[in-house]
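Next come two complexes built around chain A: one with chain B, the other with chain C.
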Partner chain A sequence: MGRFWAVFFVASAVIAVGLCWVAPSHGLWFPGTLKGGFGAGVAHSSIGKRIDDLFYLVLVIVAVTYIGTHAVLGYVLWRGATIKAEEKVLFSHGSHSLEVIWTIVPSGILLYIALYQMDVWAAYRFKEFSPKKAEAVAEVTARQFEWRIRYPARGKTLMPTPQPDDVYTVNELHVPTGRPVSISLKTEDVQHAFFVPELRIKQDAVPGLTIPVWFDVDEPRQYEMVCAELCGWGHYKMKARLIAVSDEDFGAWKDKAALEQFDDGFKKPAE
Partner chain B sequence: MSTLHPTLDHAGHDDSHGHGHGHHELTFIQKYVFSTDHKIIGIQFLVTTLLMLMVGGALALGVRWQLARPWEYMPIAGDLTFGRDGGQISPEYYTMLFTMHATVMIFLVIIPVLAGAFGNFLIPLMIGADDMAFPTLNMLSYWFMWPAILFFAFALGLGPEWLTHVRGGMDAGSAQGWTSYPLLSALKQAAPGSEMSQTWWLMAVTFVGVSSMMGSVNYMTTIINMRAPGMTLFRMPLTIWAMFITAILQAFALPVLTAAGFMLVADRVLGTCFFIPAGIVVNNAAPTIGGGQTLLWQHLFWFYSHPAVYIMLLPAMGMVSDMLSCMSRKPIFGYKPMVYSMAAIAGLGFIVWGHHMFISGMNPALGMTFMVSTMMIALPSAIKTFNWIGTIWGGRLQFNAVMLNCVAFVSMFIIGGLSGIFMAAVPVDIYIHDTYFIVAHFHYVLFGSTLFGVFAGIQFWFPKMWGRLMNDSVAKVHFVLSFIGFNVTFFPMHLLGVAGMPRRYADPYHFEYLSHLLPLNQVMTAAAFLMGFAQFLLLGNFVFSIFMGEKCGRNPWNANGLEWTAPSPPGHGNFDVLPVVYHGPYEYSSPISGDKDFLMQTEYIPLAQRGVESGH
Partner chain C sequence: MASRLISINSFAQTVTKMSCLRSPYRLAASASQRNFCCLAVGIAVLLSGCGPGPKAEFSLRDATGELIPAAQKVVKKTLDEKFGTPQNLVAWQRFPVNYGGVQGSVADVSKDGVTANFESDLPAIHKDAPLLWLSGPRAGAKTSVDSVATFDTTTKQLKWAGSAEPAPAAGDKFVIGYGGNLQTGRVVYMKNCMHCHGVAGDGAGPTAQYLNPLPRDYRLGLFKFTSTLTPEKPTRDDLTRVVQHGIPGTYMPSFRWLGDKETTAVVEYIRWLSMRGEFEKRIDDDLSNDYSAVAMEASAKKANEAYQSAMKTAKKEDRPEKPKTANQLTKAALDEFSKYEKDDLPGVINDTATLLAESWKKGEEADSLIVPTVARVTDNEASRERGKRLYLSDKGKCYTCHGVQGRGDGVATEDFWKKPGSDEYYSHRGLHDTWGRPLQPRNLTLGQYRGGRRPVDVFRRIYAGIKGTPMPGFGRTALKDEEIWDIVNYVMSLQFQSTPTKSIVTDHATASK
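For the complex of A and B:
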């Protein structure tokens, strides 16, 4: 019976690894994987790509550790199940050298991950394209349960307070592609979080704070934008879109949006 | 007295006979209800937490039902609260379900079952004391749970409206998540669940805190002062070390939560502004005044709640160490590294709370600091895991339900620990924060590890509680169903998290990028129901075995600990004679113990016999 249980635990690990192995081909991986094809499911921002690289690095380390520990676990269980009646139990209180090895090796690996990732975090929050260096394209204000977005007029810069010629949208964040841009993230009421899964970007919107978030988008299309921090009963329906377009299209869109917004229905009579 | 080493040639048994036994008659109420006997209190805690486990599980099944059949008829809950709407639950109700599921499981199951039930029952027995240092305080620590349970019921919307002032019953139950982040929890206008039910919730958490604090003071005092002669610190079973370290954690972390809770209550009731910034307009109510900081709550809350994660894990680690050693018939591998790594976890546990807040908007430089400390806390956990595997290595394994649950603990803890590395990597956490990856991670630690450890502990110490064994075959069936149900429910959550599915969504499928996840969620829900109903096997086995289980003697497992020298069940005062300790608790298969494969801590082996057989 003991052998059965050794196999049982090893089988559970094999199934877990197998499930992860086939998951991407069944759409159970990063968003976009389901559509298939080469490059599906990759991040669409430069910081997102670095996050993915780090994810895969951790995944490899974790997978090796998981398979290794479960192989050993399976072995010791099998050995304990097949021990003969006359065989002596190993009477050991431990091994100093083993303890030293399995203290130093994991701490080396952990320190490596810790140091390796610092650069990505620094890039996201304050190095390279810090929010101050990236162009502020919009102010995104979350509220129960929608996103209100304010853009500066074409050719102007985003001011902390609303300006008469600002352009507004609801639940649609328009950004230009190909260069780093930033948004000022605010909330009007409770806490929310700005999350664009395909860009791997997430930031809480905290009452009383204005938090700059920078990102760049590589492919002009629409991305889904969701709320990731519990904000009340309608948390699940803060559905919005991030619409990335080329620089020219972005300018054209803003002109059109401004025209629509300031159109009061009055037409100049024909002269 | 506790650190006295007995002389090797003197057992010291007779002179301690009959100490401290009061032979006055106790009424039924004194003996079984308001009892000051640590064993009764432990059993009271155990029964209460097992019932609460079923309540918390029922709430979880509600959550799972909604995720498998969004906005369809929900049995029982739908009929009770939403009969007029065809039994379709509301989003408010869904937020209440996951809030109260976490609340019940954390505050009324995991924390009290470890510290309350096993801590109370085992500490005096394992260190050779006749009871806790403060028996009355101990009794109060149990009975302070009941106001907490009552207030949580009010927070759930179960009380009468004239008394609780919760308008709307369960539809207006507490719904801020168990983390209760302001402003959702601070402003009454933010949600139906933010009204009176949130105040009840905070009161209940305070009572749980008072109960835990009483226990913690008691455990520390008892373990320091009341150990039997010869029970030096490094002869204590790891369970006791774990309970001791947990008690210290609680004593230092809990006051912060209690203070934060009072501050939040003051914000809600007295009009203070600790957590409320100025000029916030929620649901068209008047703008708020005052210049508070919502992030302050997160810092205070996680300063308690991160150590609390270890409060919810360390005792199970200790218990599993004891049981693995016994069921492998082999000494624990690396006793001192086990102790030191638990101490390291406890110490580091106080400086990692910020890893819950990487994307909260706190200073990014803090993120780096917390990331490094978080990476380092993985190390003692890794050391413990290797030592558990080392303990099994080369042993004569007894594949009973105790052993299986312990191995499941180790296996699940490896998954839970490894998935933690993803979120300790701050940049990766940007993406997986508040997704199902997190849900998978903490369920692997809290359910996969702690609860399987608890299942093992119940079966292991049940004979000491009742003098009878639990049925091993039923326990094995329970184990297999729970293990399969658990893994099928929670392992795919890692994948949902990678797919970007956020937590706490009543209906994620209306997002295009999540719409294909419904079939997987339905499989997970089916597994969750399997797991939930499997727990009736545990309860049934537990109740049935109290009356009909196979009778056993003092030491059915041939274990070494002091508790196995006492009668089963131990009488008032626990031991026939004051135990004297000669060995550590893990001398299984020792060459000096003759033909037995165990060596009780109280068994004296003459020097000559040791010299001959262990001289090389």
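For the complex of A and C:
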């Protein structure tokens, strides 16, 4: 039975590593554009790419540790199962130096991760762009179960309260690409979370608060935008689109949307 | 076109599951059995709520349930025959519903099939798709609808499963995949709408009881936010708009993320559900005059009471005749009904369907659409001032419901109102809609536009009113289009006025003089 467990633990580790190894090539990794249609999805915002880097760093550390501990575990189990009766057994329990090593090494690793990631966190929260410094493009109000969005008129800045010339959309957030922009996130009822997986941006919307969220989008196209906080029975319906377009197209879109919104339905009779 | 019924078989039966945790298991007291019981309870808890839920079915209206059993049976039979069940929809061609499918015509007839022409770009045609002939010798076959056996995309050679005779001729028209729209619509509806609006579109889905305002009951054929004149049905565009944009201030969310195909299909399905519901209602209305069991019971009871009190006072010689009991009345009605069913009912069904189909067709006509005859009056102080005066005048009387300051707290919300067509009062203060539910006039200072925030939307609300609510239409009668625009300008500015600029109450006093 001892040999079975040794094989079992080593085999499970091998299978787990193997699955992780092939996952990217099957599109079972991150959302985002696959590198040349193959491999892991790449984030579409600058902060998203740095968050991915952090993930890969942690992944490497975890992978080395995981493989190492499982190799040792497999060896120990196998050795214990196959040991002969006359062989002398080594007792390491209570070894002071071993205790010191496996306390200090993981602490060192954790401390390293804790310090290393601070830069990315600081960059996202205040260092590079305070979300208040980035141009506010829209106010996004979550409610059960949709996103209602208010934009300032073209050439104007977003005001905290609705203005007569504001432009409105629902479940479609239009943003310009290539520069940092921010949204004011609010909720009308319960907690929701604004999540754009391909940008790696996720922020809870908390009742009573207006939370600025900044991001930049590198490629003009449509992205999925979902609610990432279970907000009620219709949570699954709370899907929307983030539509990123170039600066010129963004202006043109806003003009068109405003024209449609202020439509008075009057048609000049043909002469 | 003849009144044909095409049965659409279900390919994806969406049965809804209402999971509920039941706990019918009681722990046994005996210690020896405790372990076993714990295990059993554990498994039972894990499994409860699993398994298929109740089968989806179109529930009947309450009014149908009040009819005498024979009439109930006939209504149910008629509905099943003309509209089918959620699992097996029936397309009644009388109604202006785009049931879906690809239209084509026969270009050439060969030995074992035909070469087809299609009106649009070549669509995807699947094996076993139903094939319906619209003209030629195969059309009007009451037996079964043909289905596609093979279709060659390059040669456009089409073969069908089923009898070869009678052979179609060149020029004969057909539809492939008839009813596809309705089927897609059903799937989309069951996934996204049924929760609140109910299987039959009765606004009584499982979540409906938690919502305020309640979800729309389509079965009256009434939709609030439309672009059509007061008596007309909504257009497809109106319903699409509501599906895509949602209704702020209510629980109706936006379904913008549905694809175009799904949106079109679900709108068609909702129209069909509404037609089905209103058809049932109209038949009910017709039958309930003479064949309502509840009404008969009530009238028998009333007559009996009158008889009893008359007996107490009347002299022996002029005693009134004993009135018929409810049983006797029902029996008489039953005899009469079998005759009515044979002689009159087919005509009634026919007329009802014709009227209903006409009304939905009319809604789509250009004449029904409200188009302002003048462009929006420039939105300035002067226009808003005129709008305000109209708002407070006896011509507009907006303030009676919406309040002097537009907060939806007019005097009408304080009154008790009579139920329409009766002397009975509603138990609650304030206004009620046609569905009999309490209703608040809109608070115009919130900037929340349920029917859309385009000026033309607000114009249409004032012009034609809101269907099914006490909001009346002012267009063509009380107000000119320019005046409506003034009110639109005033009403849309209310959101941005934090405090009334002048003493609005004094203005009110002068305006109503």
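The definition used in the following text is that the second predicted complex is superposed on the first by the 252 of 271 C-alpha atoms of A that agree within 3 Å, B and C clash if a C-alpha of one lies under 4 Å from a C-alpha of the other, contacts with A are read in each partner's own complex, and residues count from 1 in each chain.
Keep this in mind: a residue touches a chain if its C-beta (ideal position, glycine included) is under 8 Å from a C-beta of that chain, and two chains touch if they have at least 3 such contacts.
Owing to the predicted nature of the structure, the values given are computational and were not obtained by experimental measurement.
Taking chain B and chain C in turn and counting the residues of chain A each one touches, the greater count comes from B.
In the superposition on chain A, A:Ile201 makes contact with chain B only, not with chain C. When the two complexes are overlaid on their common chain A, residue A:Lys237 makes contact with chain B and with chain C alike. Look at A:Met1: by the touch rule set out above, it reaches chain B but stays clear of chain C. In the superposed model, A:Phe266 makes contact with chain C only, not with chain B. Looking at the shared chain after the overlay, A:Leu98 reaches chain B, while chain C stays out of its contact range. Contacts of A:Tyr168 after superposition: chain C is touched, whereas chain B is not reached.
After overlaying the two complexes on the shared chain, residue contacts for A:Gln144 are found with chain B and with chain C alike. Within chain A, the residues touching chain B in one complex and chain C in the other are 144, 233-234, 237, 239. Interface residues of chain A, counted against chain B in their complex, comprise 1-2, 5, 9, 12-13, 16, 19-20, 23, 27-34, 47-48, 50-51, 54-55, 58-59, 61-62, 65-66, 69-70, 72-73, 76-77, 79-81, 83, 88-95, 98-99, 102-103, 106-107, 110-111, 113-114, 117-118, 120-122, 124-126, 144, 188-191, 193, 195, 197-198, 200-204, 206-209, 211, 224, 226-237, 239. Interface residues of chain B, counted against chain A in their complex, comprise 90-92, 94-95, 175-177, 181-184, 187, 190-192, 276-278, 280-283, 291-295, 328-335, 337, 359-361, 364, 367-368, 371-372, 375-376, 378-379, 382-383, 385-387, 389-390, 392-397, 399, 404, 407-408, 410-411, 414-415, 418-419, 421-422, 424-428, 430-431, 433-435, 483, 487, 491-492, 494-496, 498-500, 502-508, 510-513, 516-517, 520, 586, 588-591, 597.
For chain A in complex with chain C, the residues that touch the partner chain are 143-146, 148, 162-164, 168, 170-172, 233-234, 237-241, 260-267. Listed in rising order, the residues of chain C touching chain A in the complex are 192, 195, 207, 245-246, 248, 251, 253-257, 370-376, 447, 453-456, 459-460, 485, 492-493, 495-496.
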